[in-house]
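What follows is subunit A paired twice: with subunit B in the first complex and subunit C in the second.
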Partner chain A sequence: MQRLGRPLLNQASRGFATQSPRYYAASKEVKFTAENYPNAKRDSRFAQLTLDDVNHFKSILSSPSSVLYGQDDTSELQGFNTDWVRKYRGQSQLVLKPKTVEQVSEIMKHCSERNLAVVPQGGNTGLVGGSVPVFDEIVISLSAMNKIRSFDEVSGALVCDAGVILESADSYLRERNHIFPLDLGAKGSCHVGGNVATNAGGLRLLRYGSLHGTVLGIEAVLPDGTILHDLQTLRKNNTGFDLKQVFIGSEGTIGIITGISILCPRRSNAVHTAYFGLQSFDNVKKAFIKAKKDLGEILSAFELMDGLTQDTYHTATGKPYPLAERYPFHILIETSGSNAEHDMAKLEAFLEQVMGEEIVADGTLAQDKTQADELWKWREGLPEACAHWGGTYKYDVSIPLDEFYTLVEDTKKRLEDAGVVGGTTDESKPVVGVVGWGHMGDSNLHLNVPVRRYDKGVEGLLEPWVYEWIQKRKGSISAEHGLGFAKRDYVHYSRDPTSLELMRRVKKTFDPQGIMNP
Partner chain B sequence: MASLRILVPVKRAIDYAVRPRVNKAQTAVEVAGVRHSMNPFDEISVEEAVRLREGTPAKTIEDIVAVSIGPAKATETLRTAMAIGCDRGLHVEVPEAAEMLEPLQVAKILKEVVDREKPDLIIMGKQSIDDDFSQTGQILAGLLGWGQAYGASEVKLEGDTVTVRREVDGGTDVVKGKLPLVITSDLRLNIPRFATLPNIMKAKKKKIEKMKLEDFQVRAENRLKTLKVTEPPVRQGGGTVENVDGLISRLKELGAL
Partner chain C sequence: MQRLGRPLLNQASRGFATQSPRYYAASKEVKFTAENYPNAKRDSRFAQLTLDDVNHFKSILSSPSSVLYGQDDTSELQGFNTDWVRKYRGQSQLVLKPKTVEQVSEIMKHCSERNLAVVPQGGNTGLVGGSVPVFDEIVISLSAMNKIRSFDEVSGALVCDAGVILESADSYLRERNHIFPLDLGAKGSCHVGGNVATNAGGLRLLRYGSLHGTVLGIEAVLPDGTILHDLQTLRKNNTGFDLKQVFIGSEGTIGIITGISILCPRRSNAVHTAYFGLQSFDNVKKAFIKAKKDLGEILSAFELMDGLTQDTYHTATGKPYPLAERYPFHILIETSGSNAEHDMAKLEAFLEQVMGEEIVADGTLAQDKTQADELWKWREGLPEACAHWGGTYKYDVSIPLDEFYTLVEDTKKRLEDAGVVGGTTDESKPVVGVVGWGHMGDSNLHLNVPVRRYDKGVEGLLEPWVYEWIQKRKGSISAEHGLGFAKRDYVHYSRDPTSLELMRRVKKTFDPQGIMNP
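After this line comes the complex of A and B, so read on.
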């Protein structure tokens, strides 16, 4: 899952802090989801929050700073009610920050008795409105559960609280020469629990695989307050159903993940980063095949960014382009291995071939870590760059590689034909442009439509058209971001009725009252 | 003055973005298995030399040579310099196990290199980020009897006159000097470019001349002795308070109010 990185404020020295997208976007009010989507109705079976409830929660959470309560949408609560893309805004009056799994259990026991709906929230960096309330659901923030519990240097198994920030977990592991098997743009804010709950994919999935493989166990609180203790550190355990798998990617609908154990590989001490410009998508495909062949076991990322994304990043940040010329496609390749000389020899052979056969038109190889980080920003900084103008319609989809980029071209044509695209200069049109980037190595494309304002007309042009397009090609409408509020009505484009029915039954088994993230 | 020759000394150092660690014996910083790259100030110097060439009529600058004094892997550093735009490299190989050379020794070696290569201008980093001596440029200028401009943030070359802007406490200082000259670069002189693939490929075919420490009159004998290397004291973790009242009472407790 690629999500928000830290705000670009650390670039203040370069003099564009005031243009930081976050700052820009913050100047606009976000409409309540309930007003924006009048078809969404609050389930009347859920109870209304009373002062007694609040007092009960206060007695569970001894510390006063763990309970945030307000009748109106105060600024303190607003951060928990509004999602990162500034598209969804709930009206919760209560945020709870439990510190222990027992507190979570007590909270859920009460909610289940009273039939109060809840939304578990991690770092709130999600892109599909899954981590914020729609109406008045109670927000249970895991941010106060942020301890590393244990780490086994021999097996590489890390056990930690759900609220540990991904980057903190990774720094902890770096000290011990290991790496968290997941990396994504939002690492500075997102929680590992949220990553598991949404089955985040990220930048290194190509190398380390999905969380379905790396997560060894979870600890979760079920809707009725029961604690599921399954924090094992075994790689193999074929004893009955593998229940943790149901939680991975469940988006907080069947329980609250409070702790995880995950298998962490050794950190590679030789990492190389290269950035290329290519003339056509055909060449991108050729480069991908070559990379798999020549770089094989050391290839750890293969990211595609189209030309317009790089222009967008350039405009939003004012940074000079890495390459002298501009190209319709750019790719970023990273290798991670144990021996710098061997890796370099492989990489150089690869570079010579792709240059020699004119598969890539130009490129650069980072000469040091600073340059590598800089090149990564041209990929990781894209979500923020797109938000620069106000908002972004985001589609995170899996498409077979043959037609990988066609979706961007088709979408662009559709919106241009409708006359809503204004580029960076025409203020009267809602859409700034249509851009695409993604994890080519995982057939995962991020179609992004940066807009000046969210507009029903534009939304109508895009949805369900994009989903139908995907369905025709047997792709997935949600590769790694999850469904959230944004896509829950569109699941049938990617799943057959039988699967959907089974999912409904699973949900009912775990959460008969339906109070979890309704 | 036609056909200038520029010499750029470059050093292989622990990567700027890597957190250095002290070795177990507390005698030095751990270098084994740690990512190395060109000292950032030297990279800026290479970039500046190449920009000077690009900013002047063709053939004003006839030759840019990068020189590195260091272990076998210093050739990687030279390749980087040549990928940015240096014409050739000169590697003075120092055995991996040898003690790190001190600024005086480095300057003496560089002086002999200068006597041989006869450059008109030397651009080098004002310091290396590993030992932070910030002395080599000055000593070299002294040994050569050349003028020097320390900590350049802007360099202008007109004929045989060089104007250098330096950032000093409380403002900028502009100095002017005639070639030959030693310039040491500061961080804000420029932002080094990304070396393009074709240039990286070309750099592989450029020549690196190898020399050994024994080819020089300098004795590798240190005058300084490192007694002990330690990490800076660990910051004491902060505490959290529940609210403003808690903060105030805690501050009072600590005697801050």
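After this line comes the complex of A and C, so read on.
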């Protein structure tokens, strides 16, 4: 076998520009969700907000900047009413920004007494319309609860407010030789409390597991204002039902998470990032199996991006491609270990195999943190790049690896056959293209359909067709993004009637009035 | 720094005998729980078992060997009525051994209609009286549901019946280059379903995390006979509440787990096991911090055993000590990695430091699997060794590392001051000694008080004193063993009233009649 060293790989330093992004050209007004989805009806049992309510909330929160209220949908309120993908827009007139768990408790006590519906909101980076109001629900923003409460360097247990931004938590931990066990593209805006409430998956799940395993405890306010104090910092506590597990992924429907404690792994001394081009999905699978075997315990990411995603990113940002040629598939591999020399030896053995056997066609290995960050942008920048033309239909699904990429191909064919795909040039067609990327290591595909405008005809071609496709493969219609408003009517494609009935009962147990994120 | 290589360590091969164990001398009759704890009352709403019921169950199960029924407590029934530590004994007259989930469903449908109380039972290796009846509850044994259903070598997802023995599952996986993500001393008898129902922690938690992170799905029968089909094999599914999480650690109180799917890690190519003697607990802590740093991602176990535990094992088994000298503390370290050369280099760097800085006093490194297994017995054999004199008061607790071992010292002092400790020689005293071992990596201490006989006076000295001690340190009174019968009245020491009220509501949601493991 021929030994292929680093000199045979392109260097990531080649030609990376640092220009500012050109996304978000579109700024046209987002339609009200209630108008877009006339079948969704406001529950008439909920009370209407009065000036007395607003004054009561002002007396609880004391600081004027903690209460945003407007009879009209002012621009400041609009940010809290509109979701990140500009697909959903609520009509809330009131945003509350409590600073303490006691304030959240007082707010909920009043809402419960008055039967006022609420929506808890973190960084509002969700992709399924779960963090914005549908009608006039009161938005409870956790943004003012943003303090680190404690960190134990021996055990790795971090305790912090729910409103701490993920990237801030990670930076705080890095200074103390640890990292947050979760990482995702929206880290600069999303809140750790929102991450827990939605059971966010992200880029480190392959290595550090899900939040169900790493979250040690939560502090939460129940719909009636009762505070659940469960901020444990110990790794094991088998005393009765593990209630925090119900809150992880509950999407704000049973209470408001105000604080979390979480087990944080030590920061790895050595991190290596490599980016490859491959000729077929079959080769991607082969590379994945080899990576699991050869890189073993140091493999921390295995991300798939198809060729069109990279073209999309290139078009949206103007950045030069990392590799000289174009390929139908790309993978981004990251290793994290305690010994750079050992890790590089493992990575080289892996490269030798996958290049020697022509599983990968070309690749580049980042030489430093800056180059690694640039390579990661070709994966992490994809949601924004797809939004470049106006909007994106997004499907975040789990599919067994054998048919992992087939969904993208089948969707492309379906839309092309219907004549709605115009590429980047034909502006008369609503759909720009069909692209796929995802966390290969977790069987988690992000199917994205970038569009010039949201279009009922395109939506009708995609839904429920995509969900039926998934159901036939026993996949999940929501791998890591949650149900939100977007998929709440489709949950039966991934859950049986018994599960759904139990969910209804659990919801009623925690929120008998149904005022939480209705 | 002087380089200390393997030649300076004792070799584990020295003097390990393979004699058969001498435990379990005691075989005196176990008292009925109902007599021992007269405050526990049978719920009069439950029906009494009739011959019609028994005949109905016989018609469901068809095979005569699937129904054990006796008006008298026959010896075969006694095995299902008595727990492993010989502390609890129920009076059930009926044991059912269904072979399929449909049979379990039919059984529960009848029990629900007739209001008959049941106790699901796995391998009956629990230590807190959770798997045996207290009164006349029907025992539903999962032992006849013991099939592997499927295994996917690419994803690592194993699907199997609840009654598969842990060691069988692990052996099956090892042949396929994987391992079960859980390991514990009782692996030869315990069931994987019981492991999930009790959220067992064990020896691999440090590396592979808790079952809340690794279990992918469950199949369970609800108290009314409804079957919950949720045997997913994909890693991510954020469609509504993660109901399986409520079953993990529910101890048979909301339904019967009949099948599980679980994510299994690849088997490590290289496993190294080392055993050390240390002069102080302070040195144990130092060694732990160094191990986390130097061994990083390959550290798979860090177990603490105090000096008296090793003496106890030596006395109970007659085996020669692994080290020439005696030490007040011992640790057992295991590494698991993909590259033996790299792992050994990391281990040697670690040894160089801890021996050079005199953090550890002496140590031995297993040269092969047989030697490693022998070293592990000095940790895994402790529960049996402690039971050697008749019984053991067992406390499985989480405590912050700073005061981790103080509980053992304080307990020893308390019992010695009360004059009840007789050591191995003074047979007039009920208590043999006070020993401690545990999963240092998880802050999880096993405080054990081996006794010649269970004694209300000793129990009164220990409880609730131990629980109060834990509560003051914000620890958990049940780290990994669960509540069972033993601790159900003490749960308030580790949970606040809000949590307890929510638990009551959750229990009622799933089991409105209260017939599951009452």
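Please note the rule applied: the second predicted complex is superposed on the first by the 492 of 518 C-alpha atoms of A that agree within 3 Å, B and C clash if a C-alpha of one lies under 4 Å from a C-alpha of the other, contacts with A are read in each partner's own complex, and residues count from 1 in each chain.
The rule is simple: contacts are C-beta pairs under 8 Å (C-beta built on N, C-alpha and C of every residue); 3 or more make two chains touch, one makes a residue touch a chain.
Because the structure is a prediction, the values reported are computed rather than measured.
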item: Subunit B versus subunit C as contact partner of A:L323, first or second or both or neither; value: first
item: Touching partner for A:S428 - first (subunit B), second (subunit C), both, neither; value: neither
item: Subunit B versus subunit C as contact partner of A:Q367, first or second or both or neither; value: first
item: First (subunit B), second (subunit C), both or neither touched by A:S65; value: first
item: Contacts of A:I289 with subunit B and subunit C, given as first, second, both or neither; value: second
item: First, second, both or neither for A:S44, with subunit B first and subunit C second; value: neither
item: Touched subunit A residues, subunit B compared with subunit C; value: C
item: Doubly contacted residues of subunit A, that is, touched by subunit B and again by subunit C; value: 269
item: Contacting residues of subunit C [partner subunit A, same complex]; value: 154-155, 198-199, 201, 205, 209-210, 212-214, 222, 226-230, 232-243, 245-246, 248-250, 266, 268-269, 285, 288-289, 292-298, 336-339, 342, 345-346, 398-401, 442-444, 474-483, 487, 491, 494-496, 498-500, 502-503, 505-510
item: Contacting residues of subunit B [partner subunit A, same complex]; value: 15-18, 33, 35, 37-38, 40, 43, 80, 83, 191, 194-198, 200-201, 204, 242-243
item: Residues on subunit A engaged by subunit B in the complex (per definition of touch); value: 63-65, 269, 274-276, 320, 322-324, 348, 351-352, 355, 360, 362-371, 373, 375
